[in-house]
Amino acid sequence: MMQALAMIFTPQLLEATIRLSTPVTLASIGAMVCERTGVTNIAMEGIMLMGAFFAAAVGYATGSPWLGLLGGIAGGMAFSLLFAWAAVTLHINHVVAGAIMNILAFGFTRYFMNVFYHIQGTSPALPVTLHNYKYAVPLLGSLPVIGPAFFNQTPIVYMSLVAVIAWAWILARTRLGLSVLAAGEHPMAYETLGRSVPRIRYFGVLMSGLLCGIAGSFLSIENSNSFTEGMTDGRGFIALAANIAGGWRPLGCFLSSFFFGFVDALQLRVQSSGLLRIPSEIFLVFPYVATIAAVAGLVRGSRPPAAVGKDFTIEGEGD
Amino acid sequence: MKRALVLAIAIAVVLTMSVEAQSAKPLVAMTTDTNGLGDGSFNDGVYAGLKRAEAEGLCTVKVVEAHAMTDYVPNLSGLAEDGAKLVFGVGALMIEQIQEAAKGHPNTYFAGIDHYYGGEIPPNLIGISYREQEAGYLAGIVAGYMTSKYSKNSPLLNGKNVIGAVLGMDIPPVERYLAGYIAGAKSVNPTVDVRYIVTGTFADRAKGKEASIALIDQGADIVMQIAGLTGMGVLDAARERHVFAIGADVDQNAAAPEYVLTSALKGTTISAYKAIKALSDGTLKGGQNIVYGLAEDAIDIAPFHQFDKIVPAEVKDAVAKAKRDIISGKIKVPVSLAELGIKK
Amino acid sequence: MKKPVLQAGLLTAALLMALPGVVLYLASYFWGAWLLLGALCMLTAERLLTRGPAEVGVQARALLAKAAMPVEGICLALLIGAAIMAVTGHDPISSYGALFYGGLVKNWDVSVLNATPLIFTALAVAVAFHGGLFNIGAEGQYYVGVIVATWLGLMLRLPPILSLPLIFLAGALAGALANVIPAWLKVRTGAHEVVTTMMFAYAVATLSPIFIRAHGGDPSMTDHPGATDTILQQSQLPVFKSVLPLANYRLHFGILIAIVLALLVRFLLSRTNLGFKIRATGFNPTAARMQGISVAGITMASLLISGAIAALSGVTQVVGLDHRMYQNLSAGYGWNGISVALLARNNPVAIIFASLLWGTLDAGGQYMARTVQTPNAIIEIIKGVILFLMLAEYLWTWLSARLRRQRVAA
Amino acid sequence: MRRRRTLYFSLHGQSGDIVLSHLVTPDESDRSSPVLETRGITKVFARNIANKDISIQLRRGEIVAILGENGAGKTTLMNILFGLYRPSGGEIFLDGRSVVFDSPRDAIRNGLGMVHQHFMLVPTLTVTQNIILGAEPVRFGHIRYREAREKVAELAGRYHFGVDPDARVEDLSVGLQQRVEILKALYRNARILILDEPTGVLTGIEVDELFTVLKRLASQGTSIIVITHKLEEVKRLSDRVYILRRGVMAGERRTSDVQAHELASLMVGREVVLRGRRAGSEASPSPILAAHELEVRSSRGFMALRGCSFAVGPGEILGLAGVEGNGQKELADAVVGLASIEKGTLVFKGQDISRWGVKKRIMAGMGTVPQDRRGAGLVLPFSIEENLLIGASDLPPFNRRGFLDFSAVRRNGEKLMESFDIRAPGAAASASTLSGGNQQKVILAREFSRAPSFLLVCQPTRGLDVGATEYIYGRLRDLRDAGAAVLLISMELEEIFDLSDRIAVLHEGRVVFEKPASQTTQAEVGEYMIRGLAETRG
């Protein structure tokens, strides 16, 4: 019993948590920015999938994982641009548009797997992946427990941490941050001050596209070496939950993503330790239950942006 | 409505004609289950068999991926109507549908992969199933030896005497693999610690990777994947953590040559190929269930490829002996964890 | 004096032609279309008689205007799909030929089978929509329905007259229960139902193997690993074949149940007090509350009804088609239900047609992939584009404005 | 789906149709050239013409009022001047040169500043953040908050605005919020200040203070346009006044030489008479609704009602005056049954209803005309008849064992439309297409149709034109005369005095003053309201 526990709660548990939470963290920051500008974004699952696919495709074509990363970002942003066009310019209800984008993403990736490689399932492998660029921060990297988890990591893990800190700073101290906050709280006020609400909302969606693109790239060309169909497996939605549970705050997003990742990592280790031999499904269901609990428990305190999910037009000529 | 209908029919007639353009070689077709091609499992396995036969000039090939379970019947009978001489239905979920299709198209042979039919079987239908546990058993023997007794033979081994397995969903074929794997390992190394994780999905590669890293962190130096696409993550983990992986269903060595020790082969490829061969020889016999196992040499483990030199003779002999004993029935390989006294 | 008699006669005639017409057509007796056409004529005649040609003309034009946008949207989407095919080296014409021949004629029965569960799930989503809620977890309630139906189907030893209604009832109840917690959380803490129901869907799907192992799926058996045993004969839904010999042997009465349910939901929303309150709450909770409508109660009600309907989808699928529960069986009926509801703008009757369209695209896509080897993933893309165009009302107003301007300029 | 609900903020000033009338030529006596001038501005919306051929002039340091009923097109005109809307025709001149404003940004850059009727402030941000938003002092995108704070504080000091640069806007009183709005304009060095219905939400004293501020600004050379529908404001504040009626220019006058009634008739197009008040009444011995020491918490957690007591008797209108944010909202919620009463009792016809639900109260004969017509009163996408049905859908004749009888609903709708003179194409017309006045009439019709013995009325005529106001006052008096008790909560003193038989003042959650209307004056009441204001400010 004791040594079984000792076997579960190891430094590796923390590393696994980071690996599992990285894509969710990135996507949830994207969701946060997007919703702060007033656009509800449930299309992240699809955007992430597109990112993963194009990262693998470009990476394989060029042989460089870094170009692959750019490809993933480009794919994610291009796809999110489509979403922005639908939600902001065409005034389609945001949740609806998001649902459509997800359908589209699955169709696209599967179709182009066939067109590009004439195979389904797994795309051809990259010779080098971003994992080959694992980098240990001097000094910090050699810290006991958190060292390997936070400071001896692969590029995109660092990017996710940077994204969290950067956005915490941007929202608190910069013109951009102020614009983002205002547009989601009182769009009309923002517009009457001579700034364009649609423009900032496009920015928000594109930012989520960028971050989800990176998240997708993590899945395909950092954590593994090729794209497999449906490899996001619901992470986009978990990210949405993480954003809500995190109260639309960068740090909150990170913490809740981290928590979900931790639950998952723990679950895997408890299973393999053979500590409890109950149906494995009981473990597998835990992250979902945890998410529900988190949403139910934490959402009370946090307040969503007043105008999130609401369409914006100046002259209500529709009515 | 009506006009659109007429139009559609007109067009359809035209193109069905164009499709009917017959070639000399017999048409052999398959319909996948809803997982489609690229499942890294039996769909790909059977498809490989068809490709091989095609390469050898035995037939021309056509494949359809089912989108929903409702598609099975139209796909199966449709392929027959397209003039296929032999139609493979892959996946246990179309077990009734294929029997219906067989009754409806007596001039076409149907072969159901992972099917075992009870009662009276149509003369043009063949049920093909496998004893995955035997493949698992052989893989288990290799793993059981290498992880402890011969852990010096490779820098990838750590001698902690722990091996692991990553499962997709907890369904019977998977469990049969696992049961065989555990039994095989224990048979040559009673003290070996076999750990396994059920990921609950056949599609989440990242999760498969984390699962096997969890096992590796707990000392496992050989991890078998029984998880379809999730299993790709096991290979990722092996590549990253420098341990051995064991593939499943098809020889996965190509996916990570430096790390895939061997693969437990479920002879979907060979069995499909055999059926086609028999078809072209005119010896194909329907109305029966064929359970492929070692005896039918459709179950095996893949060659060790570049690891051939580090796998000592004792291991190879043990594998060979196990094969003989299983065939002769001296060894009865368990099919469920329950038989091993492990409760889920 | 004579008018009302004639009127009643026409109506009954229309009804008498329409009912068998629908059944026959669904059972791929295509000449049923003539009956439907006849019914339509009767109806028009009756209208002409009572309303007079002028108003009928107006109504007809209004109907056409309503239909125009969807049709345009679908056509445009097909064009875009064709473009993609052409670019990626597949012949659009033969592909579409196969698509529609396969979907509407050759495998029409498959289209119907595909549509059946979609109608239920779409209705479920629509009811929630009208209450201002987004039941994104219809998938989960679908599973619940499947589990209950399978379990009872294996247990109940009653004559069909009893067991079938019992199963449907129990399934609906279970589906409603599945939504109790999300609804309660929504009311209590304001936890967003999009997240909670979605997570419930994942949770139920994850847990289902336990049930399957408990009822069959014995690893030592090779037949049907990963599926429960077949449910008893008496809890299986009758099939069209029992009355129409030429119908496909799998085509079951589920589609009729679905259509009836759609009409019931329409009635619920437009003609009942509850439906009125649901709509009022959906549009403006504050005003509803001010007028003494218990918003919490209505939220509960609409989510529970939604859950019940979604579960019925699973029930029908089991007692009608599958007759057992499979490991990860769902072809995403829950998720697709959302698209269909959106496509139909949450109009219960429109949902019937939208579902049939979706089913046709899927079935036809299979036929297309088989005969002309165009990958059927293109279907998913086309679906997405259709939804996209359908929902972008703004796009259409914008386009028409553009056109008008040009016409003015010219 | 529900997107439509989010559009309404942009819909003000779109109703009303066109009446041809000749244009009054602007008088030429003033020699100085105009800072701002419009020539023949016309604005056509999808459905109607909001402005037709409007020409105005504004000179340096001048305060010009634009007078008109709701729907006269005032706000549309201002939104055009401010670059929010594009004019369909006509030209705008600044210092004599023609300009085109594509967006508010252009207008701001050209020295225009606008204070909107609905404040354009982000409640969750601080005063400083709100003021600098869109014109932040930045170095590499990084905001120099210290510098910003100082400038804001300096401005606020210069005009004696007394706002704390670090306060969160949502915590400020309405009056202060308005000053923040003005500061926003000044921060951007506005030469021309446009105020849309500035006094709608202010108390007497706040109005005075606002006017002094504006006069000071004008004397320092800022030109000011004030949009209003209140005659006495025009008289008190402006140098000149333009009168708009139904989208066209009905006249232009020099304020010094025009009488209020002339303005009124220009604005409405006919003579206006307001009915007098009933002889003052004392608190009745047997009240319909009586509150004893109510204590109610606000949604933000603090105790908003601290022992509030009052009583409304049959056949009287009790006017509850007070500065916004002194517990009016909580009181209304408590009476309706939305807020939970922590202490004290609410007695209706002798029964303690403190714990009753909304529905039970309505059934017992209590009605409500909420302050937020569109947000809380109506379901805008619903038809008129449906709106009249809400709340009554459980009752016969509409409800037959859970099913609705729509012929009854239609009959009811048409009857009420007729008797409340609701102007719409038909009972099936969507409420969203109605003008503010007609929307309010729909609400009144619904409440009156249940013959309530008590009616709570909050700001019933906010933003309504004189005609509608007149009508609604009339109906309320009729109800009163029929023996019902009416509780009127309003922040506009005029309204309180026009309507009430007795007047009470709500301050910091208590009733601090109560007298028959006949025995008090606006000055006295205002006094009581302000004393609270002073305390809350300090």
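Each chain carries a letter (A, B, C and D) given by its place in the written order, and its residues are counted from 1.
By our rule, a contact is a pair of C-beta atoms (placed from the backbone, for glycine too) under 8 Å apart; a residue touches a chain by one contact, two chains touch by 3 or more.
These numbers come from a predicted model, not from an experiment.
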item	value
Neighbouring chains shared between chain C and chain D, ordered by label	A
Of A-B and B-C, pair with higher C-beta contact tally	B-C
Interchain centroid distance [CA atoms averaged], chain A/chain B, Å	34
Rounded Å distance between chain B and chain D, as computed from the means of their C-alpha atoms	74
Chain A-chain D separation of Cα centroids, rounded to whole Å	44
Residue numbers of chain B (touch at least two other chains)	65, 170, 200
Touching two or more other chains - residue numbers and ranges from chain D	1-2
Residues of chain C touching at least two other chains	206, 209, 379
All pairs of touching chains, each written as two labels joined by a dash	A-B, A-C, A-D, B-C, C-D
Interfacial residue positions of chain A with respect to chain D in the complex	91, 93, 96, 173-176, 178-179, 181-182, 185-186, 188-196, 306-307, 310-319
In the complex with chain C, residue positions of chain A that touch it	42, 86, 89-93, 95-97, 99-101, 103-104, 106-108, 110-111, 114-115, 234, 237, 240-241, 244, 279, 281-282, 284-285, 288-289, 291-292, 295-297, 299-300, 318
For the chain D and chain C complex, residues of the former touching the latter	1-2, 5, 336, 338, 357-363, 368, 370, 372, 375-382, 386, 389-391, 393-394, 399, 402-404, 406
Contact set on chain C toward chain D in their complex	129, 132, 271-274, 276-277, 279-280, 282-284, 286-294, 346
Residues on chain C engaged by chain A in the complex (per definition of touch)	84, 88-89, 134, 181, 185, 189-192, 194-196, 198-200, 202-203, 206-207, 209-210, 338-339, 342, 375, 377-381, 383-385, 387-388, 391-395, 397
